[in-house]
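Shared between the two complexes below is subunit A, which has subunit B as its partner in the first and subunit C in the second.
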Partner chain A sequence: MMENLEVFLQIIFWGLYAGCIYILLATGLNLIFGVMKIVNFAHGEFLMIGAYITATIFFISGINPYLIMLLSMLALIGIGAVVERLCFRPILGTGKLNEIFLSIGLIYIFQNMAAIIWTDEWQSVKSPYAGITIQIGPLSVPLDYILIMIFTAVIICGLYLFLKKTTTGMQMRATSQNRKGAMLVGVDVERIDVISFGLGCALAAAAGTLWIVSGQIFNPYMGSIPAIKAFAIIILGGLGSIPGAIIGGLLMGLAENGAAFLLGGIWKDAISFVILIIVLVVRPTGLFGEKGD
Partner chain B sequence: MKFSVLFIASILIAAVLIAGCSQPATQPSTTQRVIKVGVIASLTGPASNVGTNMWQSAQVAADEINANGGVPLKDGSKAQIKLIVGDDESTQQGGQKAATKLITDDKVDILVGGYSSAVTSSYQQTVAEYSIPFVVTGASSPIITHRTDINTSYVFHHCPTTDTYGQYTTRFIDQVVRPAVNKELGASSDRPLRLAMIYQDTAFGKGVQSAVNNTITNDKLNIQLVSQQSYKMGESDFRTPLTVIKAANPDAVYLAAFPNEGAPIITQARRDIGLNTIFLNVENNDNAQFYKDLGQWGEGAVIESRFSPYTAPAGDVADAQKEFKESYFKRFGAYPDMMGASTYEGIFIAAQATEDAGTTDKAAVRQALVDLEMPQVIEAMTNQVCSFSPDFRESSFDLWMEQLYYNATLGETRPAIVWPDNLKTTDFVLPTWYAAGSSS
Partner chain C sequence: MRLTQDAIFKYGTILTLLIAIAIPFLIDSMFIINLLVLMLTFIIFASAWNLLACSGQGSLGHAAFFGIGAYASTLIATQSGISPFITIFIGAAVAAFIGVLIGLTCVRLKEWFLAMVTFGFAIIVQTLTVSVLAPLTGGWDGIASPRLVSPSIPGYQLIEYYAILVITIASIAAIWYIMKSRIGLAFLAIRENELEARAAGIDPVRYRLLAFALSAYLAGVAGALMIHHIGYITPEIYGVENSFWPVTYVILGGLGTLAGPVVGTIALTIIWEGLKVTGLTFGRYVIVGVMLILAIIFLPRGLVSLPERVQEWVRRRRKKGPLPELAGS
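Entry: the complex of A and B
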């Protein structure tokens, strides 16, 4: 009985860890969608680029990858701003089909560029804390996963404070709620678009960094599946809703690992979409979405 | 606005050019007779590491054959090998596209390669339809030549099947691992070994799982399968199935996984789950990248093998393999892996069959493959001869088991052969940190 409880808690723990990566990725995606209302299927590629930037600096300098994550996030703010300015802004408002095809094109461009720069060999990063475990109740868990959860919480709290307490954050929320209204009261929505896109990409970089620090191997194609799941999460949680992305991400992580435990590994990906369909049938706006999104 | 449109257009064109780039291969002059060999490999996608190795190994083989004058035909002329690569993109759809293009557009005379049984079996219908001789050097499920829904008579299997190596590894577990575990526990010799499996949910993974189950039943082995967990191909997070496996208290865990899955499985098991046991791997993991990704966590693990970047049985095979590894390293700055070795041989087999047929006529080349009796190239073959079995057209290899030892200087493990007795260089040992599943 005690052993079963331990297994159950362990699986919840792995679900929470997976949920953290999803939360960061989906929150960034939702931030961009909320403000700009664009569909960016290439969001997973920002996770991949963030992971590679962290890994490259780590391989060269040996600096703690958790510290490099900040540099990676800053770099992705810049890359995101360039991509928004050159790729998405010109087609903003021209139809979803343009956005979809543009973002699909970006997937191939980023993947091929990464393969040229870093090769498409699988790579891995060794965390300085690999092998250190700590006891939490009956569970003995690696320190890295605790750090991943702490960093996720800190980043999300930081984002929350930024959106709530700063003028730019309030302008982002205003643009998200009513773009025309925001423009009428003097908000420079194009500036807000760049900031939102950059921040969304920075969150993807954080997700990529924490993913590789957890010991997962990576290559230029690592972002495709997480991006699809991030979309499922934001639809599940409600398009444009940050709390929805957080709850959706946690739910997805727990559901995937629960399904792998109860039904077998092949159900891991499928269960997310089963839940998504059920939620959409019962509540078409998603868990936290509002009509009109 | 104009600049942005131009920028987007230019990066899209660049991407198309990048994506469409064909890799350089040995290109004979247009006036020479050529044998067009289509190499199907995963140059992109999750299996790109293995696929690139296969394609590069094929180039080394073609260069050697062409440098020696080419392939003699019955009209007295000599033909050069011309390689054309088809990237299956590690997907079934990609495999279908690559095979169709090679057969219908490039009009290849023979196909070599094919990795992942799921991917390879997806385009076998096209191979059958056009009756193209196909030497499969990567996909290991027996269904490749055993399936009856299509005509497989043009398909020749030059790598051990999951049946073969699944059985071989299970016997190793029974004969070597089980006595060692019982000795460690101080248990009676009739204590069954508690074996767990984690396998890819594809024809390959299920093939290994089936072979293990059948071997235990048919050979009446004293092995108890305590947990069998599957996962989707390309998965990277294995913590939940490994937690379930740990709860089953196994003495050893057998992985049916690709190298990009096997390394994280072992790392996550030992580092995250605390599953300190013996991990047995299938042969496709004997790959330089696998050792690099594993780092210290690979210590004590076992790989069934027939070609390793870092070891070889003493004798002629070692010399031949060393020469191949050096040629490959000189050209590509890395070591070839097992699938690269069999693809290297696959090119020699294609050349020999064409020489024996004296023509590139596909039916004649197929018959030459059926009748093939060629001295082994770089891998140890049964009776030192490359030939295909009359029933399912499968090659027969001499296999061995390696155990990995940590080299702190390199920060990686390196293999040593521990079985069978006539090839071993050291004994199988349980690491000091090993924890048996149960003493009952």
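Entry: the complex of A and C
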């Protein structure tokens, strides 16, 4: 009985850790969707680029990777802004399928550029805290996992404060509620688009960094599956709803690790889509999504 | 004399057909024949994807139907000993049946949701193939698939090429017929405005399901043809790459047109093989990605609209031409 409980807690803990990565990705996607009403299927590629930037700086300088995360996030704000300006802005409002097709082009470009720059071999980063564990109840937990959860919470709270307290944040919320109305009251929506896209990419960079510091191996193709799962999460949680993304992210992390334990590791990726399809059959607008057009 | 669009289409079709028939006599290379066979199967595959897109549904997991058709045909052929020429169409029917099932969940969904569900479905099918169905499918290792034409027959590659060419032409003719008929008009009406389509008495759910079935059937045919040509099948067939290629071909060639998938597949295959000479590996994908994005932004109707665009450009230049002279005198 005691052993079962331990396994159960272990699964929950793994689920929470995986959920953190999904929360960051899904929140970034939601931010972009909320403001621009576009869906960027290449979001996972920003996670991958963020992870590689962190890893490269870490290999060269040896600075604590948790600090490098900030640099990586800043770099991704820049990359995101360029991608928004060059690729997404010209097709804004030209049909919903176009942005999906455009994302495929971006996936080709980013994955293979990364493979050219960093090769497509699996790599890994050794965190300075690797090997340190902390005893919580019956579980001994790696310190890195706790730090990952704390950093996720800090980033999400920071984003929340930014959206609530700053002028830019308020402009972003206004744009997402009513784009034309925001334009009427003098919000430069194109500037807000760039900022939202950049911030979304920065969150992806944070997700990528936190993923690799936990000791996971990575290669240029690491991003696609988590990104698509992040999509499943925001569809479940309701497009544009940030609390929905947080709850959905945690649930997805738990479901996935539960399924991997019960059905075998091979089901880890498929289970999220099984859940997605079941939910969409029952409710075509998502769990918390409103009835829309 | 100015060529009209219809004339370009007509002469282009005749020329392409003549080249396709004559090419094995002009170039005596097994490598080229092999390449052409793969290109033909991808023409069918891209056309199938395009047919679904015509009804306003953009799938990101068409590799699922491609692979199901291939696996079903292979399994039926190996278990029963029926000729692959027949099992191709039975395997494709299995793909169409599953297409309808997945279509049932998709028809009421918005674009992004549909893209997600189809993408996820390909991953689910791959997982099933390597786990539950592994005793049948051989898991990750895959299984041998009977050749379309037995290699013991002399000149079997040529027979195979012409057989696949005939099936490709028949598929495109079938799509042409469908798109010209009431069904095709209904697809287009739903894509343009679902509400108006319903007002005109079209049941969008039924026609979307029909589009799914037809598209999955043709994708299944394409997959089965490719696998019976290669002679071996692995779960890699469900990979993301196989889902993205038809999208890339169609967008480059011209979305929603009959010639688009054909032109796109041929053009990209030539570019792809041409770039191989330069020794690029990952760079080729980067170039394809850049081309895809440029096409979406600057040539939204694809390569097939290029003659029209050029004519327009020439006409505008002619109009502008005399103006500076007038200003000069």
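Please note the rule applied: the second predicted complex is superposed on the first by the 289 of 293 C-alpha atoms of A that agree within 3 Å, B and C clash if a C-alpha of one lies under 4 Å from a C-alpha of the other, contacts with A are read in each partner's own complex, and residues count from 1 in each chain.
Going forward, a residue touches a chain if its C-beta (ideal position, glycine included) is under 8 Å from a C-beta of that chain, and two chains touch if they have at least 3 such contacts.
Keep in mind the model is a prediction, meaning the values are calculated, not measured.
For the composite obtained by overlaying on subunit A, subunit B and subunit C cannot both be accommodated without a clash. Once the two complexes are overlaid on the shared chain, A:Phe273 sits against subunit C while remaining clear of subunit B. By the touch criterion defined above, A:Ala18 lies against subunit B but remains apart from subunit C after alignment on the C-alpha atoms of chain A. Touch criterion met: A:Asn257 reaches subunit B, while subunit C stays clear of it. In the superposition on chain A, A:Val154 contacts neither subunit B nor subunit C. By the touch criterion stated above, A:Val39 is placed in contact with subunit C alone, subunit B being left untouched.
By the touch criterion defined above, A:Leu67 reaches neither subunit B nor subunit C.
Once the two complexes are laid over each other on the shared chain, residue contacts for A:Gly131 go to subunit B alone; subunit C is not touched. In the superposed pair of complexes, A:Asn112 makes contact with subunit B and with subunit C alike. In the superposition on chain A, contact of A:Pro90 is made with both subunit B and subunit C.
Clashing C-alpha atoms with subunit C appear in just one stretch of subunit B from the list 37-45, 91-99 or 379-387: 91-99. Shared interface residues of subunit A (contacting subunit B in one complex, subunit C in the other): 87, 90, 102, 105, 108-109, 112-113, 115-116, 120, 225, 264, 266, 269. Across the complex, subunit B is touched by residues 3-4, 6-7, 10-11, 14, 17-18, 85-87, 89-90, 102, 105, 108-109, 112-113, 115-116, 120-124, 126, 130-131, 133, 140-142, 145, 215-217, 219, 221-222, 225, 257, 260-261, 264-266, 268-269 of subunit A. Remark: subunit C residues 53, 58, 60, 105, 108-113, 115-117, 119-121, 123-124, 126-128, 130-131, 240, 244, 247-248, 251, 282-286, 288-293, 296-297, 300 touch subunit A in the complex. The touching residues of subunit A, counted against subunit C in their complex, run 39, 41, 87, 90-91, 94, 96-98, 100-102, 104-109, 111-113, 115-116, 120, 224-225, 228, 231-232, 235, 264, 266-267, 269-270, 272-274, 276-277, 280-281, 284. For subunit B in complex with subunit A, the residues that touch the partner chain are 1, 4-5, 7-8, 11-12, 14-15, 18-19, 44-46, 48-49, 52, 201, 229-232, 234-237, 239-241, 243-244, 247, 259-260, 263-264, 267-268, 271-272, 274, 289, 292-293, 295.
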